[in-house]
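By written order: A, B and C. Residues from 1 in each chain.
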């Protein structure tokens, strides 16, 4: 039967993916920047956090800072890295931006591997201290960790919600919808996109990286690979690119489905099958959603219709009226191959 | 006075071997209605793009109200008071008509994630007032009913109107209209003419390019004619209508100057 | 000099795989992320079959099987969503990559495998020392590239493929059998992926993880070479290989991939459309 401990673990991981998916949604869904390098930013965030908070006498020494300082420091470091990457990458569009971010993420990962004195190389960093770990029992701590992760996820949710309803969010989506027109209206595309990318970096370092390292207990470079990037993307696409709740739903669904499979007890010689299930399921889900529900489970239109209603004023027109357009904005954007 | 002029001096531009603009010299008053006409391929759109910052001239300068704007990116040009419309009024498809227009009214200061997070109250207030103002604008233009529709669902005439209203909401000194009459019915064009005249009367200068000569000549105070990238003639609509070279250029074109 | 040879070797393997990727991108209009997994699949199939049926037969079966898989995926997975545009196709390919990756783990397990095929003892030839196996690999690359060039340039199908690549709609109007072109392209592309993967496995080692690394380099070569030019991609792949291995002369070998990507980024900044592309800069850069 499913133990509570197991559920707590799955929930924690689902929340971490949900955080990452929301940030990806911000830059890719609303910002139109198809970033294939988010695992790199999360990796920088995780490593910065651990190195800032590790004790100075650990095997791989750190600065021994308290965890809130570590989070803030990691946030600033990752934001800086994002700016360094973004400055050249944002000059390109479409598949070129995609590949540049992909390349940068791989460069970051390799740099982590190479600088083994700083980062522990391929062996990584182990024995990561978690906040308040010692104040709780071994059995009880996972609940604390879940609570902490949930708080962080909530914070990211609130931040993204604020962005969605703000003038900045509107300008960002305008730049995505019709870049020349946004420029003709005085919007600085470069500033909008750069600030978005830097914000994603900041939050990856502030929240996602630390939360992931608390969850894993040890981090190695191979964790932050293309596999991770694509998993987060899969969660986002399945949940609904451009919707507020979509990334959370998609990430949760993906995690739940792939982790619950682990419950199936198999003989050791079939261990391969179990580790194969996660990617198999992610792949199948992704292909299926794109085939039959390319908008994802929740749509961007839905999110903004609800927001409109809440902002007061007149009642928003029913979404059904868009039927003449054929497809909704998200599918249109997926078709449009925009940057 | 140079503060009331858009001065285009010696502008040259080529695209892969084709000389799109040749030594174009023009002075356009920032006030009243000026038209730019010419057959297909004459370079009208290229000139428009260069003026509005969507293209950089190979040589030459663009001076707007005494300020040199040559080579400035499009968004800077727009912020300095010269705003253009686009021929196909696609707008921002994911937003309603009201939101499209409101985007012009929220200004740029709050356009950062920082402002969104830490000046939330000001941001919310600004958005609310912008939406209300947009609603007003739409109602004044007689299309208040479509405020909550999406641009893809509008008739071409309405979509064009929204395009113009939205750009106008930026309160430009000079509004560049890119083929506003294209694809419109005769009635719609009449209404459009009234609207354009109203805009000019309220102080915003207009520079319009269009293939519909009747529409354009009926509205403008000054007309410039481009042909093969060079300025062919300039003058009042009557003068241009009588100009032999202009008639020559348009011979065989659909819209005949009667 | 020796490094140059290694570079050419690395570049050749990459060139074979990247040409398949570019072929698919030019005609089907999307980035086939699962290409990397197909490379690994071909390599693993060959490695597993060779002890049973001999090296040559093993390789042949692996290539044919991968090609067939590609055709099936093209018809079943990609054709139905073709109308939805490049991004949907890209993510369908990501999904396929995951499925292939999972299937490989299930079938082959995660152990590192080394090919039984020996490269042979290195012999000194002038300033370099070369193993006969390495010569074979270079020879195979030349044959493959030449074959591809002849195929695309001289055969009727090749002409049709080029027509579709330059303007699909026009080709359709002109009566080109788009479906047949599609099938052929999928088969050739996937076959090339398998060949590239097998060669990579012979030169080095293969695991089920290899696919993710392969696609990075293939993408880099494809983008560096520019859209619309398969020869350009081949050239870019060779260049990448050479740069990666020559850089070992001045910096630590572990920096190899970093050098490759740094080169990619540097080139994109200066010439956003790639080194050998026909496209204008405007369409690509902001």
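Here, contacts are C-beta pairs under 8 Å (C-beta built on N, C-alpha and C of every residue); 3 or more make two chains touch, one makes a residue touch a chain.
Not measured: the values here are computed from a predicted model.
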Subunit A to subunit B, fewest steps along touching chains: 1
Chain located farthest away, centre of subunit B as origin (C-alpha): C
Innermost chain, where centres are averages of C-alpha coordinates: A
Approximate Å spacing (C-alpha centroids) for the pair subunit A, subunit B: 41
Computed distance of Cα centres, subunit C from subunit B, in Å: 49
Whole-Å separation of chain centres (CA-atom averages), subunit A against subunit C: 30
Shared-contact residues (touching 2 or more other chains) in subunit A: 189
Where subunit C touches two or more other chains at once, by residue number: none
Subunit A contact footprint on subunit B (complex, rising order): 52-54, 73-75, 78-79, 83-84, 86, 90-96, 99, 102-104, 106-108, 110-117, 120, 123-124, 126-128, 131-132, 135, 147-150, 152-153, 166-167, 170
Subunit A to subunit B touching residues, read off their complex: 159, 162-163, 165-171, 173-174, 177-178, 180-189, 191-192, 195-196, 199, 300-301, 304, 308, 311-317, 321-322, 324-325, 329, 332
Residues of subunit A that touch subunit C when the two form their complex: 34, 88-96, 98-100, 102-104, 106-107, 110-111, 113-114, 189-190, 222, 225-227, 230, 233-234, 237, 272-273, 275-287, 290-291, 294, 331, 333-337, 339
In the complex, subunit C residues that touch subunit A: 31, 33, 77, 80-81, 83-88, 91-92, 94-106, 109-110, 209, 212, 215-216, 219-220, 223, 252, 254-255, 257-258, 261-262, 264-265, 268-269, 272, 284-286
